[in-house]
């Protein structure tokens, strides 16, 4: 019984330490946790996979560094998938720090030997249009004229002079839109404006907290959604290129198990000592 | 080990903040002081560039230019000066004798938003939610959906009963209120469980930074 | 003058904002935009109040050599350095990337923020341990629902399928129902509060005398 | 005092009712006359028959920079020679003047909204109160035929948006409920309200701090001063600080927004005055920290660990920081009372604090603490509105089950 009393009064720092270990140790392991592919992720993957080479994909970065742990791996695996299929990528952001996150992801993807070998050129294979203020109004304006909405790209080049942007007028010329979002403006706005008004084809990657809110839109307005780190890992698995998210999933699994374990131990101790406490009270 | 100065600074600050988990200590206090000071300064500068310059300065400048060039009063742009004056009135709080004048700008803010909130909450929280809960109780040929819909309507109904303030939660009414709070508790549990993944992601990224980027121990 | 006028202003401006919702006229649109801009402008002037408050507090601490006054000095230094590098080179927009101002933000502010945010992972575990005890029916429901959701990331072998079904059910059915009830309650409560503010009934925010 | 309330509520009511009676009677439906297309003999070879009955009129529910053009389809649209590809809409400011193309719609459509910008500087500026003439051109491949020029029409803004009538009704019904019960409550009728654990714990929590000789920490959240949750929190603060004034317990309020700070100072000062202890009020205990979320939390956490307050209140708008605050507080051994309307954060408050006010309970708290008839009255009115919502919920579900579309349309709101 002593043990249970001690467990109930456990120093919080021991829990903290165990959480830190549960998160850190698995980072050293190469074990890959078995992950079921959900239909939501498969929906996005299939939509991209079925695009013919040369198709134009618009990727919108609507998040900032605070949500990067969850969304950055999704950006990376999506870029890898697009470039390996020779799709043309157009990047933009409705959050000021979004296009910067995109550049970080691009740097990372170009380190992959297979992509590096393709020798992709800015302006021909991919462009970064940068950030535009105005939230959903930006999407609305893009519906009539993308080049007028973004007269210059992230580094100040005239959009009309970029070879990739030739012939791109509005959403009719975009084959797929992929939205990475951590809040407002985000997937909800893209559904309401790009899909409902201009009939774009949309897939999304969201934080774990947000993703369930998007389920009602699938599959009519949204081909699928990647939810949190797990969604990112599923995409990497289905794409057969396990990367960062997959390697982190072991940490997720262990740390979740540890939290559940704490709850169970706490309850065991609670019930084991309950009778005793009643008498002493 | 990283050779990048930025990485070292970031690692120091990260460890400093995390040391709070063990106990309050001088390094945490230092990081906290830096954080509070830098963030307040950052906020001030952002307000200056995103509100004061475009909304007050630029508009008044335009108004003055119009007055000088065309000799007429451009009331539209001058009106922003009024907003600026209200802002200055807010600062009169610092003068004890006439501090009460600062209630005027406060009244403008509260009045503006109370009218807005009234409509916003009524439309998007009450009316839209009612409309979305209007779902058929019976979906032909789909037992799962039918049962799900019935549970949703019953749950919403009971949940609302829980929020009744002017009736004692007794008898059938009390029973329904109890079912309502059960539903609410399921949601709270789910939302807690769901958030764990997001929060763990943040910690994983930090640990990856410390162990991988900074110490270079991974791979 | 001190109290009646502000309350009349609240009622008048509030009523205007309420009514303009129903009036599509251009003049009303403009007035609406002004009102919103003004609240922003007042807020940005109030920043000076905040700075004054923070500075006086810190300076007093330093002057009195109160415990921890050194940290107040650090915070003051951080604050004024930020304001200085942000506002003084006025000829350029400090919020653009690559300025000293943004560098400090990126290399000092962002790492601390990320570390602070990540503390939540530790706290969520300790809160779960301490609070999730099956003391009452309500607490049991809360903890069972949380465990079911958390277990979706833990390999359970043959039980995974059942768990997946439960997770889906919880998220799409009871979760939906309770959220609706919650939002409806909040919607009606907030509408009532807004009405009380406009009518001058709720005026704790205005002080007395 | 009493007369003032009646006057104020009266004015509001009269205004709202005037509003409805004025505008609900107006004919607002958009007439869409669809004439039967006559089938013409296929005698002439090329151009399609011109559209007829071109009518331009002001577009409804707008700010006065658009006209709505309708016409009867060409006799060769879908039937006859069936060679209409599209219709071009042309506009001029005189019947003989030069017509400019304003828009294009595919064959089969007979309505076009000619919209323009409201800024005079804009190239697409659409002047209101000016006569415009329209004609519609039925187009086939390279050949076309024009309709007759329409009668002139002017664009003007409307005084009422007819799509928003359900909202207007909702506002009226809601206000009526509230006002009726305020009147009832003021007449002295005793109104019952059920107990709320979080509210009943307030006195106890302040008492504990007094016994321990430690301060109370009151956090107003991250919201700005105009948010409903923050305003509800101010009202609670005014009660709490009156108690602390009576017990002579210091109250610390670090703020995240300068205006919130100003209001909090005002509120607490007034409460101390009311408690008869204006000299005990310390302005330096209510201060601004920073407006950035996590920096604010870092600061507050420091205060909790160093000052060791006996009681922490978290009432207002909270986001991800809720758990950081509440766990640190519990580590410091404080009694904690929390409340917010942010649904994602309530689970953490429920888990880590002793008492939590859930959503609407936070707004109701002011009525509980104040026990003023007007506040209790609005609470009762709120409950009636809730009952009405519940009736709608059940009727709606039944209507949806048995496909009564007209009932569902009642709730359609144009945003």
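Labels A, B, C and D are assigned to the chains in the order they are written; within every chain, residues are numbered from 1.
Heads up, the rule we're going with is that a residue touches a chain if its C-beta (ideal position, glycine included) is under 8 Å from a C-beta of that chain, and two chains touch if they have at least 3 such contacts.
Values in this document were obtained by computation on a predicted structure and should not be read as measured data.
Looking at contacts between chains, the pair that accounts for the most C-beta pairs is B-C. Of all the chains, the one whose CA centre sits at the greatest distance from that of chain C is A. Our note on geometry: chain B versus chain D, Cα centroid distance of 16 Å, whole angstroms. The distance from the centre of chain A to the centre of chain D, each centre being the mean of the chain's C-alpha atoms, comes to 31 Å. One simple way to say how far apart two chains are is to compare their mean CA positions; for chain C and chain D this gives 18 Å. Mean C-alpha positions place chain A and chain C at a centre distance of 24 Å.
In chain D, the residues that touch at least two other chains are 167, 171, 174, 225-226, 228, 231, 259, 262-263, 266, 288-292, 294-295, 298, 306, 343-344, 347-348, 350-351, 358-360, 364, 379, 382, 386, 389.
Those residues of chain A in touch with two or more other chains are numbered 12, 16, 19-20, 23, 209, 212, 230, 252, 255-256, 259. Residue positions of chain C touching 2 or more other chains: 11, 15, 18, 21, 39, 42-43, 46-51, 54, 68, 109, 112-114, 116-117, 119-122, 124, 126, 128, 130, 132, 142-143, 146-147, 150, 153, 171-172, 175, 179, 182-186, 188, 190-191, 193-195, 197-198, 205-207, 209. For chain C in complex with chain D, the residues that touch the partner chain are 11, 15, 18-19, 21-27, 29, 39, 42-43, 46-51, 53-54, 56-57, 60, 68, 109, 112-113, 116-117, 119-120, 123-124, 126-128, 130-132, 142, 179, 182-186, 188-202, 204-209. Note for the complex: chain B touches chain C at residues 6, 9-10, 13-14, 16-18, 20-21, 29-52, 55-56, 79-80, 82-84, 86-88, 90-91, 93-94, 100, 103-119, 121-122, 124-126, 129-130, 132-133, 148, 151-160, 162-163, 180-197, 199-200, 202-203, 205-206. Residues 2-3, 5-7, 9-18, 21, 34-52, 54, 68, 71-72, 74-83, 86-87, 93-95, 101, 104-105, 107-109, 111-122, 124, 128, 137-138, 141-150, 153, 169-188, 190-191, 193-195, 197-198, 205-207, 209 of chain C are the ones touching chain B in the complex. Contact residues on chain A toward chain B in their complex (touch as defined above): 13, 16, 19-20, 23-24, 27-28, 68-70, 207-209, 212, 228-230, 248, 251-252, 255-256, 259. Partner chain A is touched in their complex by these residues of chain B: 21-22, 191, 194-198, 200-205, 207-208, 211-212, 217-218.
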